[in-house]
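Here come two complexes built around subunit A, the first alongside subunit B, the second alongside subunit C.
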Partner chain A sequence: MPTEGGLRTDVLVLGGGMAGTVAALAARRRGAHVTLVRRSYGATALSSGALDVAPDPLATPQRPRGQELSIEACIHHLAALRPDHPYAILQDELGRIPEVLAFAEEAIDGVRFVSPLEPSRGLATPVGTLKFSAGALDSVIGGDLVRSEERIGVVGFRHHLEYDAELWARLLTEACAEAGLVRTFLPVACDFLSREDDVLLRPFEIAQRIDDEPGAFVSSLGRALPSGVQRLLLPPVLSRGEPDTVLRLIEDRLFLPATESLATRLSVLGLRLQRFLDAALEREGVDVVEGEVRAGADRDLDTLALRSARPRSPPRQAFLPGAEPRGEDEEEAPIRAGAVVLATGKYLAGGLAKNGCLFEPSMRLPVTLPGRRCSSSYGLTSHELVGEQPFFAAGVRVDSRLHPLDEGGRVVDERLFACGDLLAGHDPAGDGTAMGVAVFTGYLAGRWAALAAAEGTSFSGEGG
Partner chain B sequence: MSRLWGNLYLAYRAIAVRPIKAALGRDGGIERFHENYRPEGLIPTTPKDRAMLAAAGRCISCGLCDAFDGNFSKLDRSLYDGASLLPRQWSRSSVDLPHARRALARLRPAELRRAQAVCPTGVPLVELAHWLRDRARRLPTP
Partner chain C sequence: MYDLVVIGGGVNGTGIARDAAMRGHRTLLVEKRDFAAGSSGANSGMIHGGLRYLQYDRRVTELSCIDSGYIQRIAPHLLFRIPFLFPIHAERPDRPTVKERLWGYAVRVVLDLYDVYQPYKRGKPSTRLSAQEAYALEPSLRRDLIAAISFDEWGIDPFRLCAANALSARRHGADLATYTEVIDFLRGEGGRVEGVVLKDRQSGRIEPVRARIVFNAAGPWAPKVARLAGVELRIRGGKGVHLTLDRRVSNYAILCQAADGREVFVMPHGQTSVIGTTDDDFYGDPDDIRIHEDEVRYLWEAIERSIPSLGFARILRAWAGIRPTAWDWGKPEDDLSREHVIYDHRLQGAPGLLSMVGGKLASYRIMAEEAVDVIEDRLGVPRRPCRTHLEPLPGGESYPDVAALAREYRIPETTVARIAYRHGANAVAICELARKEPRLRAPVCRCEQVIGAELAYSIRYEEGRRLLDLRRRNRLAMGPCQGSDCAQVAAALLARELDLDAQSHRNELLSLLQLRWKGQRGVLVGASAAQQELSRCQHLGAAALTGLPTEVEDRPPLPRRTIGEEPAPLPMEVR
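Presenting the complex of A and B:
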């Protein structure tokens, strides 16, 4: 924890998204004192609420369900097809996937995965498409459209531009038909939002309104409900906090089970997931510090320093690997950590930065694109930016114990680990494994970091 | 041949006309240029402006700041539509900026600071608001 002389901890986790949180929780369960440092919210807070682990290898836009292989089989297929993917690098650990998913479910409220022996679930999005995912938030995962043959009432708001029940029902019918499923969706256009200026309400404002008046919302659903509806599919705006109250109220008053769809931009579900992560960290006794951590030029863990949690000020010019500007008024505190886990994400959360070339700013680790080392971001000319995006799979190369490797392929430090989106060969936006990689690698990195810290000196004074 | 005449004319303007105009105090091209464009909201961009524009350019339009911006619920929607307006709209178009004066004057820094704290890309919303206020002052009233 931060002290006057700096910060002392057994395991230092950098990054507070899904990977960093799981790493911190896993290390904590091993008895380590854990400090998590994060700059701000990252990609997890923007997530749709889907927790995808591995896509079906035979799924195509024309055949979105693929072969409906089990999640475990999909993981092994991906590992075999993509030797640079983290699943392939951690091949020997893939047998622990069930243990890892069970750990995430148990440690983090609101997170649910289906059994790895089952195929992914087909979940609805607010834009009327199907997204196949191995897990989701609790309020979403029950809305599987593949296995449910009930008549589903699709809820929209009559006085809102975005959530149009008629359109949503039609698009979902088409999406299901494309996936070879005959499903009946009945539009339920409720009048809960009736004020003149409600048409442009943002998702989190609607969620707040429902939080304030859950009874009125359920009554409006009752008024709009056509006969024959057996289940309700709601837009992902049920609550800014915990949607259980509204879901229970629907079940009690309308006698219908209800689920939320996945979210798109301005995701209430992403914010909710981030809150669940924050709650889990607090419950497990992980110290959370807002700030940024940087190492000295020689990548030595003993040179790590915590910077104050100030927003980065313009200009951002000299964010160069070797010549970073340090403002005179910037406070720095030295860090003594037994082991360090990097879970700083890719571009969005600041895990990778670009200034002439790609680099990892915390430890100045080299960054690789699939198949080659990245020496210049300007080398990514237009011919490489069509089809698969190598830029999105750029990251830090690791060995089979998640130790980052230097330019020569050597382990940078036995006490340093990397996980999540930061890893090379993994495209969180495109390869359908974003949360799976975050949870799996976060869990392993956290446990191994706790082990490394226990083998060394206990820096927190609590014992390893 | 026409190129030669062109060059000779340019030389004549540079060597003879401009020094004479300057000596007589009648040289004011840049001022006239600014006078022409200022009413349209186009004013010079200083190095500080450029730095702030680069910072605003980090916005990825995720909308997280709007969800944490207390100003959002306190101001009329027709006046202010969330903190993301600062980097996404008002920074990009100084032509629209005079219309934002009323909203900018009412923004509370403490509320913006909360929104700034969750920005994944570190857009300095509070600094941006100060800069926009200053830039709006430099623009003529529509």
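Presenting the complex of A and C:
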């Protein structure tokens, strides 16, 4: 709530992706006044629709399903294998995983997690691989290929280059065979999108088209349906926001259960997830402000200022250390909070940047790469794409209460917390724990921030 | 039994195969990866006359200029003009020192001399510009000039040049074998080289092939190939690094001075700018060239001195190749002669084996002509006339009417222009393919304007067997997205055309991403770090490509159907 002298709030969350949203919702549940400041969409809005929590420790290319350990066991294994990973740092809180996932599922409409006592689900990707995930959007999670033995109709668009039903069916058959599953996939090449320029349509445009003409789409499916299909797997383009309409129509007219696959590039599902997060924030009464927050003096919570988020002049890159790209000068409003949660993401969303050396732009916290000096340019990456890449596991080091630490290992500020991709020791693309870390650390950061704010001065000015 | 086996599918190997085939010799071209996958592909993108060599290697300049003129004649669609600016700097432009003025004078003298050779390659003569005129032409320049002098060079796509030469060779009866490696030589009495033993990297099959002459044009791998015959061949491999930016940062190519006094350049090339280059002795494995951030910074700082606003552009990738320079001792890399040398290994106990090293891309044609003359001499046949400078390369027969094609086939004009640049007269065939199979009209790579039909055409008619080949033929994934947008769709198209199994399909995607990663590693700065994180999340995370084998560049390629000859170019009438 803006008052004279700028914004004041109990808990300030920086970043509006999964981690920031869960932190804001968790803090709100404890009764704090929460303001969430976000600059733009980040990794969450570009995500695949999968909510991966932890990979099976024994999964290999030859045995993709690994030992099919329960999600909980996978988390403990990961914590044991990677002492720098947030799961290991929060070892003592791992028992709260079921509570955390249940909270996320309940607070955010449209996502679902399986029970942590069960193994991850094997979901289809557009590339014809299987991704094992502990949760996903509602329209996706039902498409587990491991447990269902039905004959699956794989839907593509006959006239469109990207959604090739026959190829997809063949690739999925082989991928399942590699995972030791004998599954039948039948191509359903429908003739929706048969107008001349429809070949040019991008995924979100196809989703719009299906939104506009769901009946025509379902009819085209019906025409292309071979016999023997028991459920449908659709490409991840069912709708901009409400896939239930089409899914229900398929159920009613074709008498078939249907799910969407995960997405990869140009992800409509990622945007949908972001919308679900935004809806949850609104429902819970979190103040969302478009902008960006910077500390006036390094690491000083009392010098935070809010700047507008409108596009500035393009960032300049440089190789000289410390040359931070600066935009035009803008108006700044001071912002005061009882506690601050940093959920600003990694490079994609701008939570970390590299210009000569790695740095964290909001508060200039020190950035760590596990086991390496970050000022050196050697050893940040490895030559093999699928190898260990310390550069992408860089981040802010935290203690077991998610307080960022300075170079000497001391807590920077008792009121400051960090969560999500920003944390050191976590490679969102590489270690298969992106959403799990976001939800788990976000929840804890939010709760502890609310606690810290309540112990300090609340925004109404009372107490001490 | 072949008359000639050529080892190496770079510009020399394909040029020699073309010339030999045109002269009627039965030729086999063997390449362990793909055309221009080695040094020729790491070329700056210019066929430059060699201004630098005017001082001490004038023959190189002359040959390059004459041959550039011939290349223009046989492949006009592949060339585009790159005007250069040679800026003359002064610390205080209003009061230049004597030394600075003398330097400007010296540059004028050299460029006046270069003008003598410009007519060979239809280049414009040099023009002296005042500082103000230079700033008007090139507003991004730092304001520290006293004058600038322009000169002219031609840009080219080296991948298309090599592919065109190879396809021309095929048209004249040569056999092409990509992804085929020479693992041994067949020896006869007296140590005579009587052929090669080939390993097909697709099937693992090993096959002896007899030939009367074997020509080693393997570039940086030439010493390794020669060693298989027990022959020592030395080169001074020079590693050259380039950077590609995501946009044009200048209208002209600009010569800049690096920290150690070397001249480097930033030049507009198609839709990007290319910064180059370094020259360092390379002792490593040409199959494993890595680029270090040091080299990137060296180039970056050099250009930033002349163009202070460089930081607004993003480096898409860094790439490197090895110049197979002829061996000499005691000279720094830049001073080595760029002359080509043809070795006859008869004196080393391997008659029947010839090698060629050195030279420049710009003079490949004359080098190939000389080589085939020597080959004919060793074959003991009378010299046949060389016609490689007269007959157009495939696609160079005529230039299509881009606007008319765009209207007729309902493909955007910018796309047709790019197709016409890459394929010349054969653009019509690609448009026809898009009409026959409407799905192929869809754009696959929006950055570089590649539609499905162009990829299908390369797969079916241009020996396109892997995703990486398509990258070389059609600039797939070479634009700002570096494959984030287009790799998956292209891999699916390839899988469809070649009936790939799932593992090969994944392997193809990973190979492309690995190559892209190799280029990105040294330039993870600013927005590139964000782009790379996105790509990793999409491919390794979302598409679950993690955990698959890492040695993907080395894996044998994929099943190939014999597809067939290129269709002859359709007549120019569109109606």
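General remarks:
Assume the second predicted complex is superposed on the first by the 427 of 464 C-alpha atoms of A that agree within 3 Å, B and C clash if a C-alpha of one lies under 4 Å from a C-alpha of the other, contacts with A are read in each partner's own complex, and residues count from 1 in each chain.
In this section, a contact is a pair of C-beta atoms (placed from the backbone, for glycine too) under 8 Å apart; a residue touches a chain by one contact, two chains touch by 3 or more.
Just so you know, these numbers come straight off a predicted model, no measurement behind them.
With the two structures aligned on subunit A, subunit B clashes with subunit C.
In the superposed model, A:N355 makes contact with subunit C only, not with subunit B. When the shared chain is aligned, subunit C comes close enough to touch A:P61, but subunit B does not. Within the superposed three-chain model, A:L200 lies in touch with subunit B and with subunit C [touch as defined at top]. By the touch criterion stated above, A:R265 is placed in contact with subunit B and with subunit C alike. Among subunit B and subunit C, the chain that touches a larger number of residues in subunit A is C. By the touch criterion defined above, A:T129 reaches subunit C but does not reach subunit B.
Of the two partner chains placed around the shared chain by superposition, subunit B and subunit C are both touched by A:A43. Once both structures are placed on chain A, subunit A residues 43, 46, 200, 265-266, 314-316, 348-350 are touched by subunit B and, in the other complex, by subunit C.
Residues 39-43, 45-46, 197, 200, 202, 204, 265-266, 271, 290, 309, 311-316, 348-350 of subunit A are the ones touching subunit B in the complex.
Contacts from subunit B toward subunit A in the complex involve residues 51-52, 54-55, 58, 60-64, 66-67, 77, 82, 116-127.
Touching subunit A in their complex are the following residues of subunit C: 290, 293, 296-297, 300-301, 311-312, 314-315, 410, 438-444, 452, 484-485, 488-489, 491-493, 495-496, 501-503, 505-506, 509-510, 513-514, 517-518, 521, 524-530, 532-534, 536-550. Across the interface of their complex, subunit C is touched by residues 43, 46-48, 50, 52, 59-61, 125-132, 159-162, 164, 167, 170-171, 174-175, 178, 196, 199-200, 262-267, 314-319, 325, 346-350, 352-355, 377, 380-381, 383-387, 389, 391-392, 428-430, 432, 434 of subunit A.
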